[in-house]
Amino acid sequence: MGTGIFLFAGLASITPWTQPAVDPGNPGITAQSQSSGAGSEPSGTVSSAVAATPSLGDVGTQASCSLASPNPLHVSLAFGSSVALMSYCALPLSGGHLNPAVTVSMLVAGKVRPAWAVCYILAQLLGGIAASAALYGLTPEHARGQMGVNKLAPGVSLLQALGIEVIVSFQLVLCILATSGSKRDPSKGGHLVIGLSVMLGHLVAIGYTGCSMNPARSLGPALITFEFANHWVFWLGPLGGALAAAVLDELVLAPTGSGFRQ
Amino acid sequence: MGTGIFLFAGLASITPWTQPAVDPGNPGITAQSQSSGAGSEPSGTVSSAVAATPSLGDVGTQASCSLASPNPLHVSLAFGSSVALMSYCALPLSGGHLNPAVTVSMLVAGKVRPAWAVCYILAQLLGGIAASAALYGLTPEHARGQMGVNKLAPGVSLLQALGIEVIVSFQLVLCILATSGSKRDPSKGGHLVIGLSVMLGHLVAIGYTGCSMNPARSLGPALITFEFANHWVFWLGPLGGALAAAVLDELVLAPTGSGFRQ
Amino acid sequence: MGTGIFLFAGLASITPWTQPAVDPGNPGITAQSQSSGAGSEPSGTVSSAVAATPSLGDVGTQASCSLASPNPLHVSLAFGSSVALMSYCALPLSGGHLNPAVTVSMLVAGKVRPAWAVCYILAQLLGGIAASAALYGLTPEHARGQMGVNKLAPGVSLLQALGIEVIVSFQLVLCILATSGSKRDPSKGGHLVIGLSVMLGHLVAIGYTGCSMNPARSLGPALITFEFANHWVFWLGPLGGALAAAVLDELVLAPTGSGFRQ
Amino acid sequence: MGTGIFLFAGLASITPWTQPAVDPGNPGITAQSQSSGAGSEPSGTVSSAVAATPSLGDVGTQASCSLASPNPLHVSLAFGSSVALMSYCALPLSGGHLNPAVTVSMLVAGKVRPAWAVCYILAQLLGGIAASAALYGLTPEHARGQMGVNKLAPGVSLLQALGIEVIVSFQLVLCILATSGSKRDPSKGGHLVIGLSVMLGHLVAIGYTGCSMNPARSLGPALITFEFANHWVFWLGPLGGALAAAVLDELVLAPTGSGFRQ
C-alpha cells in the first residue's frame, strides 16, 4: 500500500515538475538578470535593453529553441492548475499529500499518523526525483537550461529568500488547512482554492527564489543539475511557513482540540 | 440521431479549432524557432534576438496582419475555456464526447457501447475537418500561417514528442474520468476541471508539439495544409495516454467493476 | 420601473466599456498592423519588426501615455470578468439583460415579453452611449485612441468579419441559454460560465473585429468617434449568432415547449 | 480580542501588499511613461520605442534585477487571488474586513457596529503599514522602486483619477455586498466573486492610478516612500464609491430594512 502510494505520487508528480522545463522561468529570469546586470546602463542602449527583456534574455542561454518562454504568468498558471487537478484526482488515494511541508503541518495538527507521514514524505521526494529525471529525458538538450532549479535571484539575500519562502508557504498551508473540512467533497471547490494559492505563491515569489514552497519540488532539479547552493533555504522556508500556519490554524482559526499530538 | 450528433459535434467543434488561426501559436512558435535556429548564435545579436521573440518571429511569416499574436497563454486559455464551455453546453446531447482519445478510454472503461463509440469518433473527425475548413475561409490569406497544425518543435525528437503527448493526454483523461461521477450536474464544476486540464496540457506541451491531446484536433489542419509529417504521433500519443489513464482509473482510483468490457 | 432599469443598466454598463480605453486593444491592434503593413518586409529589419510588436505599435499613436497596453489577454479577462460580475450583481433587478442580441434571443425563445424586450434594448443602447461618454471624459486626451470602436482588422473582409461575429455571438448566447435554468441561484456558477464565454469570444475575435458580440457595446464608441464604417456588421453578426443559438437551443438542446412565441 | 483581530489582519495583509514589489507595476508604468514622454516622436525611433515597452521601461530604473516585471495582468491576478484567498481563510475570524472603504459601507448598511468598525479600520491601517515595512525589508534595495505607491499616471487629472477610483471601488463594494448573503458558506464561491472583482478593478484602473480601491493599501507605501502627493484621492475615491454602492444596494438591489443605522 505504501508502495502503491509511492508509485502513484511519483506518477502524479510528473505533471507539475514538467513546467520548469517547458518554460524555464527561474533560470531564464536569473540568466536575464545576470546578463543585464553585466552590461546595461540606466540609459538603455538597444542591445542591453533587448537582452534584459524576459523573453529575450533566454535567447543567450538557449539559442534556437522554442521551449524558452519564461513568462512568470505562464509558470504560475501551470503550477496552480496542476496542483488543483492533482488534488482533485488524487484525493481518494493519497488524501492529496504532495508536499513534505504540508504533510509536516498535518502531522503537527494531528491529522496524519507519524508512520504515514514518513511514508508520504519519502514517496514525495522519490516522486520529485523521478519526475525531474523523466523531464530531463523528455526535453532537448539545448532547452534544458537549469531544469527549473530553485535559486536566489541576484541581489536577494539569504534572509530575504528565506522570508519570502516562509510567507508564501504560510499562505499555502493556511489555505490547505482551511479547505480540509470540505476536502472529501470535490464540488465544494477546495481544489480551486489550493490551486489559486499555489498560483499566488508563484506570482509573489518567482522573482525572488523561483518559488519553491515544496522541498520535494526543489530536490529533484537540484539533484539532476547538482546545484545545491543555498538548497537548505527551500527546506527551512517551506517547513517554517507550514509550521506557523499550522499553529495559527490550531490556536486561532479552527481550534479542533485534536492537534499538537496530545 | 447519429447524424444529429455529427452535425452538432461539427458545429460545436468550430469554436475550439478557431484559436490556432486567431493566434497561430504553433506555426508561430515553429517559424520562430526555425528562423532563430538558422541564424542565431548564443551571444545574441540584435537581429537574431529580435527574430526569436515569439511576437516578432511571426512578423517574418505573416507581415502586416494583426492576427499574429502567438502568446502561449492566449492559446491555452482559449482552448481551456472553449472545452469547458462545450462540455457545459453539449452535455445533454453528446455526453461531452469531443475527442477520439476520450471516447476510446470510455470504451475501454465500459462506459460507452462500441457502435456508439464509432459514431462519435467519425463525427469528431468530420467535425474537426469541417471546422478547419470554415476557419480557412474566415481568415485572411496572409494570416493563415499553417492553420495551427501540430508538429514537432525543432530539436524535439519523435520519442520526446510522443512522451509529452502521452503525459498531457494522460492527465486530461484522468481528469475527465474523475469528473464523470458529477457529470450530470453542471453545478458541481466538472466542466471547469476539464477546462483547467486542457489549459494545463497546452501550457506544458505547446512548446514541444503545439499540444494535440486530441487526434481530431490534429487531423483537420493537417488535411488543409497537407502537412502529415509525424502525424501518427498525434494519434498514438493521445490514445496511449488515454488508455493508461483508463487503466489507472479502473484498477486503482475508481474500480467500479463495470470496465474492461467484461 | 422601466426608468429604474434604464438607470441601472446605464450605470452598470460603465464598467465593461472602460476597458477599451484602459488598454485600447482594438485601435492598438489596428494601428500596429497599419504601421507594420506600411513599412515591413518579410525579412524583418529591426525597425519594422519592433514597430510591429503589439506593445510598440501603439507608441506611434499614443506616445507618452501609460494607458496603452493593448494586450488581448488583458482585454479578454477584463470583459469576461466584468460581464460575470454584472450578471452576478444585476441578477435580482434586470435578469441579467445587458446585450440586445441576448434579449432578442430570449424574445424568440419566449422567455421575455415583447414590450419588456424593447425597454431593455433601449436601456442597453442608452447605457452604452452614456458609458462611452463617461469614459471619454475620464481618459486623458492623448490616451483616448479610438475609444475601443469595433472595426475590421486590415485584410479581414466583410464576410469574414460577419462570420466571426456570428460564431462568437452564437457560442455566447448558447452558454447564456444553457445557464438560464440555474440563473436564480448564484451558487451554481452560471455567472462564471457566462464570463468564460465572453472571455473566449474576445480571445477568438479580437484580432478580426475587436470583438463586439453586443451591438450596444459597439454603438457607444462609434457615436463618440463618429466612426460608422461597417457598423452594421456589429448588429447583424451578433443578432444572427443569437438567433441561431436560440433556434438550436429550442429545437435540440432544451426543447421546453415555451419558445417561438406560440 | 480587538488586538487579536489587529494582529491577524496585519499578518494577513502582508500577502497582498507584497505584489507591488515583486512586480512593481505602478512605478514601472509611471517610469515608462515619463521616459517615453520625454524623448519619443510618433514616428518611433528604435530607442524611444524600446524604452516605452512596459518591460523595458523598467530597465532604466531598476537595472540588474529580475524582480522587475510590471505586467498589469500579473499584478491584477496577484491582487485578485490574494484577496479571494484572504476572504476565504479569514472569514471565521474577522468577517473578511480588509478594507476601510468596505467597513464604512457596511457601517452605513448597518451590518457592523460603529465601535467595531473603528477597531477594524485601525487594524487595517496598521496592518498595511506593517506589511509595507516587511516588504521593504524583504526586497533588495535596487528592486524596491517606489514600493507600489499609488499615484496618478502622467496626463491623468485629479478629477479623472478620482472618477476612476470611485468607479472601481463602486463595483468592488457592490460585489462584496452581493456576496454577503452567501458569505458564511465558502462553497458558494463568494470569495471567487470578490477576487474577480479585485482583479477587474486592477485591470481597469492600473493604468490611471495604479488602482487603490483601498485606503489601507495606499497608506503603507505612501508612508514608507514619503510620497503623499494627491494621497487624498485614494481615500476620497474608495470611500465615495463604497458609499454609492451601499446606497444602491440598500435602496434598490437588496433592501433589507436593516440599513442606514435606523
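We call the chains A, B, C and D, going by the order they appear; numbering starts again at 1 in every chain.
Convention: a contact is a pair of C-beta atoms (placed from the backbone, for glycine too) under 8 Å apart; a residue touches a chain by one contact, two chains touch by 3 or more.
Computed from a predicted structure; not experimentally measured.
Student: How would you label the chain B and chain C contact, same or different, if same means the shared numbers make up over half of all numbers there?
Tutor: Result for this pair: different.
Student: Please work out the Cα centroid separation of chain B and chain D, and write it as a whole number of Å.
Tutor: Spacing between the chain centres: roughly 38 Å.
Student: When the C-alpha atoms of chain C and chain D are each averaged to a single point, how far apart are the two points in Å?
Tutor: The answer is 27 Å.
Student: Using the touch definition from the top, which residues of chain B touch two or more other chains?
Tutor: Within chain B, the residues that touch at least two other chains are 46, 50, 53, 73, 187, 189, 192.
Student: Determine the shape of the graph in which chains are vertices and touching pairs are edges (line, ring, star, complete, other).
Tutor: Looks like a ring, each chain touching just two neighbours.
Student: Quick check: in the complex, which residue numbers of chain B touch chain C?
Tutor: It comes out as residues 4, 8, 11, 14-15, 18-19, 22-23, 46-47, 50-51, 53, 55-56, 59-61, 63-67, 69, 71, 73-74, 77-78, 81-82, 84-85, 88-89, 92-93, 134, 137-143, 186-187, 189, 191-192, 195.
Student: Which of the residues in chain A come into contact with chain D in the complex?
Tutor: Interface residues on the chain A side: 29-30, 32-34, 36-38, 40, 42-44, 46, 48-50, 52-54, 72-73, 76, 153-157, 160, 163-164, 167, 171, 174-175, 178, 182, 187-189, 192-193, 196-197, 199-200, 203-208, 248, 252-254.
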